[in-house]
Every structure is written in C-alpha cells, then in structure tokens.
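One chain, subunit A, links the two complexes that follow: it is found with subunit B in the first and with subunit C in the second.
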Partner chain A sequence: MATSDETDDRIGQAYRRRVRTTVRTAARKFRRAARPLWDRFRFARQDLTAATPTLPRVAYIFIAPFFLLFSVFLAFPVFYTLYLSFFEYQGVGQGSLFWVDLGPVYLEIPKIARLDFVGLGNYARLLGNDLFWQSMFNTSYILVIQVPLMIGLALALALALNASFLRLKGVFRTAIALPVSANLVAYSTVFLLLFNEQLGFLNYVLAGVGLGPVPWLTDGFWARNTIIAAVTWRWTGYNMIILLAGLQTIPQQLYEAAEIDGANRWEKFRYVTLPQLKPVFLFVVVLSTIGTFKLFAEPYVITGGGPTNSTITIVQYIYRQAFVNFNLGYASALTVVFVAVVSAFSVAQIKIGGED
Partner chain B sequence: MREQRRKDAVWRFLTYAFVITMVVVMMVPLYWMLVAATLPQEQFLQFPPRLIPGTAFLDNFAALQERLDFVRTIRNSVLIAVVYTLLSLVLCSMAGFAFAKYEFKFKEPIFYAILATLVLPIQLLVIPLFLLMAQLDWTNTFRAIILPWAANPIGIFLMRQNMKSIPDALLESARMDGATEFQIFYRIALPTMRSSLAALAIILFLFQWDLFLYPLVILETADMYTIPIGLAQLTGFQRIYYDQIMVAATLAIVPMVVLFLVLQKQFVSGILAGSLKE
Partner chain C sequence: MSGINISELDKVYDSGTENVVAVEDLSVEIHHGEFLVLVGPSGCGKSTTLRCLAGLEDVTDGSIRFGDDDVTDRRASERDVAMVFQNYALYPHMTVRGNIGFGLKLSTKLTGDEIERKVESVAEMLGISELLDEKPKALSGGQQQRVALGRAIVREPSVFLMDEPLSNLDAKLRSDMRTELQELQADLDVTTVYVTHDQTEAMAMGDRIAVMDGGVLQQVGAPEDVYRSPVNQFVADFIGSPSINLFAADVDGATLRGPGGFTYELADPEPVAGHDRVSVGVRPEDITVVDAGQNTADVTVVEPMGNENFLYMEMAGHELTARVAPAVRPTEGTHVPFDFDEAALYLFDGETGDALKTKTDTVDSAVVGTTED
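Right, the complex of A and B next:
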C-alpha cells in the first residue's frame, strides 16, 4: 500500500512540475509579446499621475463624487420639502426654470412641479385636521408603552447576560439578537399571521389557557398593542447589544469596592450600574424614541393603519396624503412638522452621545 | 450563610427562566414562519394548528412563483443592495479620507453641513426625491433607488473618525517614496481600514435591504420589485395565501439570519458603530 502511494505521489509531482513549467513558459512568451503594449500603458499612467493635482487640491477630487450626490439627492431635497410646504401641488412641472445657452452647450433645469402659493395654509390645515392628531396620538401611545417596555426588557436581558454565573452566554445572546437581521416587511407579515384572530398561534396558545380569542387586528386598542408587540420583538435584541456593550465598559473594581462596603445586589445596581450606564441608557432611549416616530412598515403591513385609523402613524399619514391623495404640498408641511419633532430628539441624542 | 446561598440559587433560577423565556419568545415567530411555509394551505388552516413542519415548501414556492416572480424579486434586492454598498463604500471612504487627512478650504463647514443631515430622518427626502425622479424620468429604475442614498452621512462620519487614527508619518513616508495621493489612499489607508469597512458595509447593506417607503413610491412594475415591496404586495391581494407569503418571508429572513450567524462579530460592531457610539 505504502509503496503504491509513494509511486502515485512521485507521478503526481512530476506531472505538476511539467504543468508548472508549461504555464511559466507560456506566461514568459506572453509577457515578452505584450511588453511594448505594457510599456505604453505604464507611460500613459505615469503621464496621468503627473497631471493629477498635487496635495492642496487633491482633497477636492476625493470629496467631489460624494459631495455631488450629497448636494443633489440630500441637501437640495431638504430645502425643497420646506419650500413645497408653502404651496399646493398642481401637477408635474413643464417648461424650464433656468437655462444657459452657450452655443454648443445647452444647460437646462426644468421646473420640478406646478405649484400654487398658499402661505401657511398647509400648516393651518394640519393643525385643524383630526387624522393628523389621531396619528400623533397613535404614535405617542405606541411610544409611551413600547419604549419603556422594550428598554426594560433589553436592560434586564443585558444584565442577565452580563451575570458571571450564566452559562451559554453566546448562544443566548445570538438567539435574542437574531430578530435584528429580520427584514422589516418580512417579519411584519409573520406577525400578521401570528396575531390572526382565527388562525394565529397566539390565540391558540391563549385558548389553551382558557383565554379567549383576542381581536388582535380588528379592535383599535388591541391593534395598537399588536404593533407594540411586533416592534418590541424586532428591536429588543438590538438595544440589548448596545446596553451590553455599555455594561462591559463598567470597571470591575467598582463592583468589588461596593462589595467590600457590603452592598447587596440591588444597591450595586442602583449605585454602580445605573450611574455608570446612564449615558448609554439615555442614548438607547432617545434612539428608540426616534425609531418609534418613524414607524411605517409595521402598521402598513400588519394593520394598514386600521381599524378606522386607530393605528395610523405619522409617517403613514404622510405617505397617504402624498402618494395616495397626491397632496404633496400638504404632505410636505406634515413632513416638516414630523422632522421638527424628530430632529429635536436627534439633537438630544447627539448631545447625550457627545457627553462622554 | 445558608440563607444567602438559597437566595443566590433562587436568583440564578429566575435569571435562567427569564432568559430562556425570552429566547423562546424570539424563536416562536421564526419557527411558526417555517412551519407555515412548509405546510399545504389546507393543513395550515386546520384547528388546532399543526406545529411540526411539513414537506410542501417547494409546492408552496412554485405557487408563489406563479403569482409573483419572487426569484427575480430576490435578485433585484441583492443586486440593489450589493451595488449600493460597494458604491457607497467607495464614496464614503474617499470623502472620509479627505476629511481626515487633508487640509482644504471650507473643510469644516462642508463637514458640518454633511453631519447636520445625520439628524434628519430619511422620510424627509421621499417627496422631493419622488418629484425629482419623475422629472428625470427615473421612476421605476434601480438607479433611482441606489444613487440618492449612496452619499451616506453615517458612512462619511465613521470613515473620517476611523481614518483619523492612521498615523500621518505612514502616509508621509509613502509620499517620500513617490506614491501618488490616490496610491496612498488605496494602497495604504484602505487596507488598514478593513474591519471598519466591514462594519460599514453591513450597516449600508442592511439599510438598503430594509428600505421600504422610498422603493414603494419609486418602483411601479412587478419585475422591478424588491423583497419588501413584493411582500407588501402579496399581503395586499384580495385573497391572502398565507403559505405563499410565509415562503416569501422565509426566503427574505433565513439568508439574513444565516449571514448574521456567520458574521455576528461584524454585525455587532456594525450595530454599535451605526448607533453612533464611538
């Protein structure tokens, strides 16, 4: 057996050597043939390098592509939304807003839309609109219940996973963080089924303990809670990851010192963990608050904003006004109000994040 | 002492019970999805529900494929997300390098202008972008989905922060050796940024993968749908076929779950970086 293996090996080696030699020869021939072409390419590249701007100006070339896209698709739309909020949208624009005729070069910027100026009319309209206030109420309701519930769970999980006695930490952490990877619409469709009144798994389990079918999707109160449950499922693991990272930065000596002083579990949590974790904790709260304000996919898929608008969120109301009713001016005014609220929270976020 | 030990045992038990309950809560929807995707519709509609996976996944998939070309939908989503991620990585790392390592006029104002847009929710851009795309005749195209978000403020912010840590002496010595500025960027700066680039790539990919409102407005025909839009259309039909929807949801979720399991470290650093915590 051994000898035959050796023979095989020797044959294999000889074969490989021959292949290698053939390939090398072919490559050498090819290189010799291609040298003039290659040299020409190298000279051209050197010329190009010599022509590229040196230090002081090269930075502009680095930022140019980013800045171009940024100006057209980010900076301009921000101001255009503000502009649009003072107008009523009449239709797609015709004719040009601005043009330069330089003989061979003709530049034209077309009108984006036909608009009627209404001043602050859109803002007056939204303040008097019941559905706007309904969407504000729904969003606030979800916010007030969902954010504390989720952060509480996330904090408890982070503390548990940070406990020294817990085994299988990696497995638990992975399992709890798994929903982070779930596509928003995909997981929403799963919840649509999970909370189905007749077929849903949840009502089946509740029936098993003698509770009876809960109208998760057809009753306004329960539908809001369904949204809360879905969002909590998706984002608890996300917040747990951030809180866990925060917990792990707390120096162990602080706990040891507290122990020497005879602190019990609650006192260690209250006087060491909480104050040390405060910046991360506040940060997570603000992040979740902003996330809840932006809620769209979940109510769109799970409840469609219903029943009778009891789960419609601000973004969903904006979407309906803009792209179902084509009240783009009014929807822009709604957007400006929405952004003002969210930005206030975001500024708080950056302030809190920048503190440490 | 014994009292203390008993208390500790109770505490441990409660901690385990809580963590395991939460794991079950997190797993049930995913398991339920898999069961629903593998059962024929009639079996699925039975009461009490079956809790063991069946074998009808491929049949359900064929039925789904007949109603909406979901393979194409997945291909669209992957294509858009990959192209977007690569493009945005190039733009963000180039610009981030300039902001970290060069001095130029208006550097601070430009950077703060970009940074200021970080606080703005992307929903702000949907209406004007819709009008812009309509004017450019770009509605129902992939470039309309990819380009507007390629200049990603989070990306440039992270790249600038990380590239600041590259020692100037390293760049200067390359310059002495006659390297051009672009060579310094892609031969020296970029290779040191590998882990930050991986984290940013995950942030960008997931951002585009989950984008819903904007493609909903821009994409019009079924052959252009991304996964979220295709799924939302399936739930909007007159008759809802749960088995098919769950097949589609499984196809949307399972690959990402696998990716998460494989690249967990990068996902976590992506989450931590994306939440702007340095």
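Right, the complex of A and C next:
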C-alpha cells in the first residue's frame, strides 16, 4: 500500500508541477504580448504628467477629504457631546441656528435641539447616582479579572504556537483566532443557550459529574463570570495573533546568545522574550483594557444587564440614559466621564510600561 | 583550558521529506591556545560545524571533546564556551554593562561587586569604559562588536567561537579589528575557532586554516602550506586573491596543450604520467610578461595598484590574471607573450581535481621578481 501511495503522490506532484508550468508560461506569454500596449499607455501617462500644470500646495487637496469627514463625523460629535453635557435635553430643535439668503440659494442650518443650561448639574447627578456606581463597579470587576486572564491565556497560546516542535500550527492558529470573526449577537446568543440554568449544556455537563446547577445568569456573581467567559472566548485568539506576530520578530540569535550565557528556559523568557515583546504587550494591554471598558453587546444580549443590574456596564448605562430615557444631556456627561476614565487608564499604562 | 577534538562529526538536517547533509565525517584536532579558522564558501558547513561546537545544534553522529571532556551531548550552557555572533546579538534592552555581565550573573556564583569589577576591567581592556551605561542601539557597529567581544572575554571560557564577527564592519575597521583580535587571542591564550568566508581574513588570522566545501573538510594546515600545497583544485581556487588561473590541458608526453595554442614543456613529466587531461594552475604572481615566448594572451584591462599592476588577459576565451611590477604596463588590447616557472606550476587531476603537483618551496613569489630587465 505504501508504495502505491507514494506513486500516487509522485504522480500528483508531477501533475501539479505541469499545471504550474503551463500557467506560468501562459502568464509570461500574455505579459509579453501586452507589453507594447502597456508601453503606449505608460508613454501617454508620462506625456500627460509632463503637460499637466503643477498646482501649488496640491497635497492639501489630497488630504482634504479626510479632514472634512473627520470634522463632520468625529470632531464635531466629540465637541458637541462635551457641550451637551452641560445642558438638559428638552426635545428636537426648532428654528434656525444660522441662515444665509443668497437669492436663488437659501442656506439654513437648523437648531439641533432645545436645550436648558444646567451647568455641572449632570455631573453632580451622576456622582450621586447608585446605578452609575454599580455600572462602574461591574465594569471594573469584569476588567480586572477578564483582561489579565485573557492576555495570560493569549500569551501562553502564542508561546505554544511559536514553539518549534508543534505541528499543524496553521490549523491551531486559525481555530484559536476564529471566534473574533463571530457576530457579536450570534455568539452572545450561543453563550446564552450554553449557560442557561435549566436547559444549558454547561449545567448538563456539571450534573453529569455530580455537581449542582450553577445559576450562571440569575446570580449576580455568576452572571458577571459568564460575561467574562464570553468576552474571553471571543478575544483571546485575536490577542494571541498579535502576540504571536510579536514573538516571531524576536531574533533567534538572542536566544542563542542567552543559551550560551547559561540561561535556562525561564531565564530566556524573562530576559529575552519579555523585554523584546514589551511594545507589543503594551499595545495588547491598552487595547484590551479599552475594549473591555467599552463592553456593551455581550451583557446586552446575554444578561440584559441583570439580574438586578449586577452586570450592567457603563456603556450600557449610557445607552439606557441616551436612547431609552432620552436624557441626552446626562448621557453626554456620563460619556465624558467614561472617556476621561479610559484615557486615564491608557495614559497610566503607557507611562508605566512605555519607557524604553 | 583545553584543546578541541572533533571526531567523525556528521550533521544531517531532516527537512521532513529529504535529508540535507550539512557536515560529513569531519575530524580535526585543535590544539590548546590555537587560532583555527574554518573557511569556505557559503553553505559549506563551516557555520554548522561551529554551532555544533557551541552546542546550538545537535550532532547527528560523531563526537566532540574539549580537553578530556566529551561534550557531545552537553547543552551550550554547560560547555564553558563563549560565542561572538555575526550580528553581535546584544540584548537590546540592557546597557553595555548588563550585556557584558549577563553571563556571569546567570552562570556563576560571583557577587554583584565582583561581576562589576570584571566587567569594568574587560571594558577597559577593550577601550569601551565610557560606553558602559549606553544601550546597544546608541553604539556604532565597531563599538557593538567590542561589546560582543567583551561579553565573550569576561566569561573566561575554555573555548572562543566566532561566527564571522568582522563581516558587518567596514573595510578599514575590519582590518584594524583583525589585528586587535589576534593580539587579544594571543594574550588570553584561549583556544579559538573562527568562521569566515573571507579567505584573506583566514590567511591573515589563522594559526591554521581548515578549508571546507560541501560539508566536507578539504584541508587543514598553516595558511602558507595550504596556499602553496593545496590538496585539490577547490582549495587552490578558493585560497589566494586574486584567484589562481586554471584551465584544462591535454597531456602529450611531457607537453601540455591548452586552449588557444597554449603549450608548455615539462622538464619533469613524472606528475602527469598516466593522465590524459589535467587542470593547469598558475598563481597570478607567477605569470611574467616576456619579450618573446610561445604562449600569448590579449590584455583586456590593466589595473594599476600603485605597488603592483593587475593584468587581466584573455587566452582563447579563458581569463588570465597576472600580478606584475608597476613598471610593466602593456597597452590594453595588445597581444603579449607570457611565461611562468615550472616550479610555480600547479597540476590537478582532470577528473577528480586532486593535486598532482604543487608549487615548490623554492619559488620566491615576490612581485619584484617578475620584472624582466
């Protein structure tokens, strides 16, 4: 059998080689035939370039679209949110903020909203609000457990995948990174089903080994852990890929030098891998912190923030205030605080981990 | 402190579908305190051999002994070797001080103060004392090279291994470092194996040189001996700059007949007895331009070097190079007769390339001897 397999293999190889050669030859012939045409095009383009007058500061025209879109869709909303946080929203605006009558053309920018100025009232309100502090606690709890857990796991997997002895690396890499492509709502629904208290697969398995049903979704403590499990499942592979890419840029000779200097496995990790991986590691930590702090879809679908608000996150709270209760001014103040906290986190992380 | 004994070393890489033999049946004895240079073209197995000595590669077969210790199966860290890498492999996040002291910190019981003192004395020896608190990326190539050397020296190993340590330096620095490295090695009296693809470096530095090709050791010997008496055509061709002139010739009794009507009468036809076809080799410095002679070549380029001239000539499609005195300056494009001494002639078997006759010790190769007046 072995010999016939080998023969098959050889025939397969020969066939593939012939196909490859044919394709390459055809491509080469095509390129050669197309060359005069391509030359004519190239000459025409060169002539056109020579004939076109050069505009001064033409570069600004090229970068203008970005700044235009950026100011309309990013800069303006950012500043408007800050502005809005000092007001109470009363309803949709009436009348115009600004208008020009140019004869045939009449340009008008309507007022966006009816607003009552409340100064720092929204900020005072959030500091005294229990649900704000509850959401802050929930988010921090999830953050403090989930981010180290996920990055530790991602690093361990990346190290394993980077090891020379492992076979089928590509398969593992793809499999581990796959969850990141899962639709947020779809995978959250799957977790909802897996962790269902009566019908869920997880409790079924636990019952099989003689453990009582765990209230995954109905107890505050367990519900938070369910969220942590879901988020970790989805994002570990993503972080692993980034860390793996970082590991692969570490020159092999550093490990060899360390080997000769007498380093054991742990010392090589401690003195070569970690310092070399630091910039990538920092990137992953900052990105994961921001990502988890912004957590919204998973608790929204899996627990709906419950039971009794024990999994409500900050963004979910902002969402409720803004789009359920239409407290746009208050929601803006929450957003400002949220952004400030996230920024403080990131700056601190970069300050601590970023020095060379 | 020890010599090295490599015995029947084989290194085969298994790439899944096929085996690649990198080193084959290599045996060599390196004496205590000797500076041995492994030299050969890229892919000849010289670096692999060095890495086997370092313990960075497993040995497929054979044994390696340092002194009386069989180290074949020992890890790199247990072999008491220090290695200098081509691209230095300094730890980028450590200062020069950290880099040099790292090995001592990991593998000795020296106190922090003792390590500090050793690092400082080595830094002083290499003239990099003022760089101790810099990070590698702030240093020039030459300075990084010194740090890499310092890292090797401070360990006081029984063997130094160097893998093309000078090839990333510019030409001027390279020749300075060459001398410095030799002096250093002589002072420290540590057995050193040095890998290079540059035959000039090999000739200049080695107590002995070992020429490798295709994973097989071709010849080991003092530079002078290898140059004068290569065991085969490959060694003759590889050692020497500019390279030896080689062309095929038919043997007709005592007469050699080569391309373009080249003929040469051997006074002693004994080496070619029984051979129909041989390779003729003449070192560039042994070719002399004469007033009249049987063999001629077309001068294509004359390169005046100041102290000597390089003549590039063509003989029926075969390029010949000659090193002649500065006064000898034939016009480019002219036809010149040339000659050489039989004592300077190399002859190799036409098929195997084994040496049949090499240059005798009596030949004085000095370029001055080539002027005909």
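The definition used in the following text is that the second predicted complex is superposed on the first by the 279 of 356 C-alpha atoms of A that agree within 3 Å, B and C clash if a C-alpha of one lies under 4 Å from a C-alpha of the other, contacts with A are read in each partner's own complex, and residues count from 1 in each chain.
The definition used in the following text is that contacts are C-beta pairs under 8 Å (C-beta built on N, C-alpha and C of every residue); 3 or more make two chains touch, one makes a residue touch a chain.
Here the structure is a predicted model, which is why all the values come from computation and not from measurement.
Model built by superposing both complexes on subunit A: subunit B and subunit C fit together without a clash.
Within the superposed three-chain model, A:A14 lies out of touch with both subunit B and subunit C [touch as defined at top]. In the superposition on chain A, A:L69 makes contact with subunit B only, while subunit C stays out of contact range. By the touch criterion stated above, A:V272 is placed in contact with subunit C alone, subunit B being left untouched. Between subunit B and subunit C, B contacts the larger number of subunit A residues. When the two structures are aligned on the shared chain, A:L84 is found in touch with subunit B, with no touch to subunit C.
When the two complexes are overlaid on their common chain A, residue A:E259 makes contact with subunit C while staying clear of subunit B.
In the superposition on chain A, A:L211 contacts neither subunit B nor subunit C. Contacts of A:A297 after superposition: subunit B is touched, whereas subunit C is not reached.
Note on the superposed arrangement: subunit B and subunit C approach each other to a least C-alpha distance of 8 Å. Common to the subunit B-facing and subunit C-facing surfaces of subunit A is no residue whatsoever. Within the complex, the subunit A residues that touch subunit B are 49, 52, 54-60, 62-63, 65-70, 72-78, 80-81, 84, 92-93, 110, 112-113, 153, 156-157, 160-161, 163, 165-166, 172, 174-187, 189-194, 198-199, 201, 204, 233, 236-238, 241-242, 245, 265, 280, 283, 287, 290, 293-294, 296-297, 300-301, 315, 318-319, 322-323, 328, 331-332, 335, 338-339, 342-343, 346-347, 349-350, 353.
Touching subunit A in their complex are the following residues of subunit C: 54-56, 75-77, 81-83, 85, 87, 89-93, 102-103, 106-107, 135, 151, 155.
Listed in rising order, the residues of subunit A touching subunit C in the complex are 251, 253-254, 256-264, 267, 271-272, 275-276, 278, 356.
Listing the residues of subunit B that touch subunit A in their complex gives 11-12, 15-16, 18-19, 22-23, 25-30, 32-33, 36, 44-45, 47-49, 90-92, 94-95, 97-99, 102-104, 107, 110, 113-114, 117-121, 123-132, 134-135, 147-151, 153, 156, 180-182, 185, 206, 209-210, 212-213, 216-217, 227-229, 231-232, 234-235, 242, 245-246, 248-249, 252-253, 256-257, 259-261, 264, 267-268, 271-272, 275-277.
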